[in-house]
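Just passing along the structure, written as structure tokens.
The first chain written gets the first letter, and so on, giving A, B, C and D; residue counts start at 1 in each chain.
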Amino acid sequence: MVGSPVLFIAVPLLAAFLIPLLGMVWKESIRILPGLVLLYMLVLAITLLEQVMHTGTIVEILAGWKPPWGINLVFSPFTGILATLMILMGFIIWIYSYRFKNVDFEEAKKYFILFMMLVTGSVGIVLTGDIFNQFVFIEITSISAYALTAFYKHRDSAEASFKYLMVGSLSSMFLLLAIILIYSQLGTLNMADIASKAHLMKPEFKILAVIFFIVGLGIEAEIFPLNGWVPDAYAQAPGPVGAAFAGIVVKAGVYALIRIIFTLFDVSGTHQFLIVIGLTTMIISEMAAIRQDRLKRMLAYSSLGQMGLVLVAFGIGTEEGIFAAMFLLINHAIGKSLLFLSGSYLVYNSADKYISETNGMGKFLPVTSFLFALGALAVVGMPPFSGFWGKFFMMSAAAHANMLLIIALILSVSLIELVYYFRVINRIYFYKKESHITPKKPTVNAVIAMATLGVIILIIGFYPDLISGYLHQASQALLDKGKYIQDVLSTGQLLTH
Amino acid sequence: MINDKNSQKIVDIIQNFARQHSLWVLAYGTGCGAIELPPTMTSRYDAERLGVRGAATPRQADVLLITGYLTTKTLKRVIRVYEQMQDPKYVIGFGSCTINGGMYWDSYNTIKALDRYMPVDIYINGCMPRPEAVLSGFAKLQKLIQAGKADGAKKYKENLEWYRANQKNVIPNWRMPEYNW
Amino acid sequence: MNMIYILFTLMFGGAILTFLAHKVSGLLRDTLFVLTVLASTVLFYTKIHTGDTVDFSISGLSLQWGINAYGRIFSMIVLGLGVMASFYSVSYMKGKERLGYFYFNFLISLMSMMGILMSHDLVSFFIFWEMMTWSSYFIVIYNGKNVQRSGINYIIFSALGAYAMLMAIVMVYAHTQSLMIPDMMQAFPFFPAAYKIWLPILFLTAFTVKAAMMPLHVWAPDAYADSPMAYTSVFSGALSKMGIYGMIMVFVTMVNYLPDDTWFRETIAWLGAITAIMATLWAIAQDDARKLLAWSSVAQLGYIITGVAVGTPLAMLSALFLSVMHALFKATLFMAVGAIEKQTGTTKFTEVTGLIRKMPWTFISSLLAIIGLAGIPPLGGFVGKWMLYESLINSNHYILVIAIFFASTSAFLYCYKFLFGFFLGQEEKEWEHVKEAPALMVLPMIIMATLLLVFGVFPGIVLKPIDLGMQTLGYSTTAGTFWSMSGLFNEWGNQIMMRPLAYAIGGTFLFFLIILTVKGFKETRYVTTKDISSSGEVPLEHENLTFSEGFYQPFLRAVCPVMKRRMMTYYQGFGQGMEAFFDYLRRVYSGNGQTYAIYVIVFVVILLLFKNSLFG
Amino acid sequence: MKEILYYTWGAIVSFVVAFSVGITYMGLNRKITARVQNRYGPPWYQNFIDVIKLYSKKTSIHHGVMHHMGPAFIMVTAVVSLLVIPILNGNKFFPNLNFQGDLIFLLYIMVFGPLGMALGAGQTGNPNSAIGVTRGLSQMAGFEIPWVMALVALMIQYKTTSIVDLMNVQVESGRWLMFSSPFAFLAAVMAMLGMFRYAPFDIVGAPQELASGPMSENGGKYLFVMMSAGSVFTFAKLTLYVDIFMGGADNLIILVVKTFTLYLIPMLYGITSPRYRTEQSVRWFWGWPSFFGLLAILQAALF
């Protein structure tokens, strides 16, 4: 046993607090420490995941209070995979941003503290089994995200951050409302307990709670009318932070939403709602993406579209659908992060980050451009890269559920996606460089980070079996609500004995 | 057999007959004489019954008809056209101007005697010669051909240097391909 | 390890090695490239036999690769052209940039074409299909000309087709729980009625995009014209045939089982014929050889599509035969254009004239190819066209045969334009220095032109594998019936009637050529093209009197009513309309934080208002 | 071997017959034209003289290999179509190479020669030649439509692509196809006007305008071969029409009568017509003649 799930939260939180202290002793340590912590967490996550796959869900109880009352962490195949993914992304983004703000110690310190908080919060959202605890983690994540958005202290980034804050506080409000509703009705905050008692709630309260949850979590999960903050935040935040948003934060939001819908309440119509809202998100944001002339905004909108697709896949609700959604989630995390990471080097020295300023970068930044193209191909879903499998599994799941019209819609939206990504690739490789742009060579650690992502894309593309076994278990775990309740609650019983 | 003199004679007779009765005319309408050709060719005088017929290009033509005075400028083109024609070829000088300059006898840029520049087989006198005269000219040419005496082209080849000298004398910028017969 | 795995490993590994070798040395790169193509060809023909299969599974999808006799017909095109084009491109691409990139994509597209032919299941079919698309796309934009136009057009239409196919595949998968193509074939008659209509339509969308059929053809002329000629020969010759490959499968396995397939067949056949006519007219209007050949490719594919759609055994035979022939002659012609481009730097008819004496071998091979294209006996094109007409008449497609014939007659116009524009006309001082292309470029052309002649006289060489392939598709053998019945072929499929005619043609030609040569041999002289009968005027050295501007103006004036409307403008209008619409919609994201807050509130209100209908 | 000799002999005989008949027709054309224009006109054998004269020209020039071979190409078309088209009913006297599918073969071989010659014309570098060729090809795209429509109508009506079969049909029923398929005949005859390139469709080689177009650089022996080919081809085409529409012929005299009657149509139409521009002529062929062609196909398909 390397450790227990609680370390996923304790260690990075501790590290976040240690960073300024250690920084006083040895300046370089503020850079190294997060990496060490994340590496440890990654090893831990992978070992735990292996274990979970064979022996079943690990439920850890904090502070000795047994489940219905105490806080517990659930490391099931489903949450485990998400946590592992987030930690992996966190680690890669750490590699990428190792030299970030190299000269400025204070800034770097802030960055790494906030980054660790972000990872902690996101992992916490996924692992926790307590609904109020989840709220707390959401707040941790959000606050560090606000701060990271405004990191550059420009006018624009402050504005973006403020928008995020505005909408985010609304989100907290609604979340809190929902939690209050539940607590007043059921007197419990434990997810498993709520799930087992949900039928006792009055239906109108239940629906109200679901609606508030959808709104509150929807803001984090970036569903359509609630995602106005996304493009600004993604575009104004530093490149690695954008990647972290796409690869970590959104995933946590989606997880929370899915958990509410799949496990907590069995309100009818939520699956259809997911599909409708996912499709709307996808269509509108892809349409917006094609009209963007700034690279990062385009990537942000595209990210919204992808998340919409993931929601649709979850909304199908079958085991296949969830499997496909997980696949899409992983692909999006890897592909979009790669795009953000490499894209921010492509427009490194330009003030406005216009797409036209990537012209001709293929000649000057061959590796970065190649990886960007690879990421774009993966995100678009070109075989034999990883994105294709996700899309294919999603399609076949939808077809099994007899949702042919949805497939057609998704495919036509994919066409739009394809167009704007290929436009950028064309610009990178076949246009003449704008004279006022001086390309910036990526640092070694950045190249390593991006190349790792590229290799993962290729490996999954050529050998999807690598993860599909885990994903099948994960999707079964999500669907098997009874087992979740039993796992959590029985752990409590065990302790009492 | 082919080299046999008698058979060669027969072949010559047939060939001359054919050449004589099939005259494809390239009418070089230089001067006012060109106006006499339409009546010659059309219903009234109908030169086609003699086998005379218009040719479109020098490559296909047998007879070059110089209808009237020649300026030095047109002379160059006429020489070019003549040199592009295929053997056997004949030249008919048409009207007084080709013989001695006619009414342009003292013009500074008109050719007075055509046969100083190209070998003329038949001159048709008159200013203008009437279609009857033209027809009689063709008949005369046919007789010459039958007799094998219409050998202007041969003369041109033999005395090329003399002709060239005369031609270059009046044509200032001589930029022409070599004559390759 | 199975030979099929080795084949793909070889091609894929070769591609990567070639890409890497580019950094090391040019010679190594070229050698690796050619060796990869050669080795895989040899491997395919010696070690992989018809009927070999290999099973494996990815993520619980069981897949199968293998080769059948039908795939072998097309593998002939792919590998044959691949070998020719690889030799050609080594010489053609010499001294250009980004060769590693080019060769990599070249090999990947060859590999994916082989993959398409060897996929027995729909998923690997789709994967290879998409790989073929992007690898060819990357070559289309290789020259960097019109990237956003031709490249994006190509990728949009390809993706449109590919997504249609993906949709069809998941429909099949959801319904039969199997991805095997044979399973699909067997299950198709029992599909629900709506599936029976939609599946062929979706599949055909994918395949007709690659085969450049009428409403979906707009990408083709630009894409063919803008990619390097070394690849266009493969692109137009082999890659477009993948569309035909798929179409034939759809017609054989699906359309045959439609309750009423006549309208379906007629629609596609007519679309093919209209493609042929319109593309021919547009080819006539072009002044650039690349464009001309590109449109001509579209037109030729139109005939093939018609043949496929009519679908009688003879029509299918002709479509397959024409596919092989088209691959040969169009590849030769594109290579010839490439050779001219390499030697003179331009491909415009209005700029280059009179190359016949400078590039005689290129001229001879393109002459043969043009004769094949025009369908004049005794070259291969005639056999195919003859079978097409015969089949159309036998299957009572009266107007269709006129349409095809019109296209094929008008094709003479651009055929002549091609030969005249480059090789004939006045020989200019400007092009005096031009020399024959390097041997490595000329040889493939000569070989293919010779093959065209051989296949024209002995079509049986090609017809027999085609016949085997058609038997795989469920046709009864055509060998005994059609070949001998038609009177043109003997039982071996060779042109028996053509032999005396060929003697007659050859004899007459020789006899009169001898007369022309011997008669007055000494008095016959060669004169230059400056020595022409132009009203006694001598053209100066720099005066080019060749007629090349507005070459077919009168004809185009006669047909201008049908050429007024271009498909492209409609698509452009649609695209612009869509973008404007997107732009309008995009303003939902106003960039104003207050608006976003309002959205949240409104969303909540809406959810609360409709909560019963949503979650009731 | 014996067979080859037999066929060669047949070919030579047919060639001589076709040549003499064709060239006489062309001479008669000139004579009749002259009479219509109220002239006396040349003798009927004038074209013989012209041909001999062209042959006895001493020198000639060419602009390259293609130009040199051009007339031979067109001769191939003339001779091969003569060999494929049955001259008399039942292949009497003139051995023939016809086969099932020869109609389609003919359609293509009839293009072979003009295209080959066009290449030769192109090599001369004379702009007039190239212009003439483009006009000729455009016009060909025009008249091939009604012509093919007529042929297709016959093919589908009698389920054959062989000329001999069509002839047999007429011999057996005793009815000429000209009467049983009148629209096909009309369309074909209108197409024939274009095929003969007499006025109003003589824009290809209009002497006053293009200096005889594709032939403008040909003289002497080249023109000789082309003229002979033209006369042979004239005869071949007329024979084809007689075979298809007018029941063929049992002996040469009937053939000559029939072909000459047919020949009068383009000749007289030509004498009395001015000249069409290219696009006008192309559109003309796609107008009424094609309409008749369609009617012919309808007739064949429905009845």
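The working rule: a contact is a pair of C-beta atoms (placed from the backbone, for glycine too) under 8 Å apart; a residue touches a chain by one contact, two chains touch by 3 or more.
Being a predicted model, the structure only gives us computed values, none of them experimental.
Path length between chain B and chain D in the touching-chain graph (shortest route): 1. Two chain pairs are in question, B-C and C-D; the one with more C-beta pairs in contact is C-D.
In terms of their C-alpha centroids, the spacing between chain B and chain C amounts to 59 Å.
One simple way to say how far apart two chains are is to compare their mean CA positions; for chain A and chain D this gives 79 Å. Remark: chain C and chain D have CA centroids separated by 36 Å (rounded to whole angstrom). As a whole-number value, the distance joining the C-alpha centres of chain A and chain C reads 44 Å. Residue positions of chain A touching 2 or more other chains: there are none. Listed for chain C are residues 523, 525, 527-528, 530-531, 533, each touching two or more other chains. In chain D, the residues touching two or more other chains are 57-61, 211, 216-217, 220. Chain pairs that touch one another, listed by label: A-C, B-C, B-D, C-D. Listing the residues of chain A that touch chain C in their complex gives 159, 162-163, 166-167, 170-171, 174, 207-208, 210-212, 214-215, 218-219, 225-226, 228-229, 231-232, 267-270, 273, 284, 287-288, 290-291, 377, 382-384, 388-389, 391-393, 395-396, 398-400, 402, 404, 407-408, 411-412, 414-416, 418-419, 422-423, 426, 429-431, 463-465, 468.
In the complex of the two chains, the chain B residues touching chain D come out as 14-15, 17-19, 21-22, 24, 42-43, 46, 48-49, 51, 53-54, 56-57, 59-62, 86-88, 181.
Contacts from chain C toward chain D in the complex involve residues 353-354, 356-357, 367, 374-377, 382, 385-386, 389-390, 393, 396, 398-399, 401-402, 405-406, 409-410, 412-413, 415-416, 419-420, 424-427, 485-488, 497, 500-501, 503-505, 507-509, 512-513, 515-517, 519-520, 523-534, 545-547, 551-552, 554-555, 557-559. Across the complex, chain B is touched by residues 523, 525, 527-528, 530-531, 533, 535-538 of chain C. Against chain C, in their complex, chain D makes its touches with residues 4, 7-8, 11, 55, 57-66, 68-69, 71-73, 75-76, 79-80, 83-84, 97, 99-101, 104-105, 107-109, 111-112, 115, 118-119, 122-127, 130-131, 133-135, 137-138, 140-142, 144-145, 148-149, 152-153, 155-156, 161-162, 211, 216-217, 220-222, 225, 277-279, 282-283, 286, 293, 297, 300-301.
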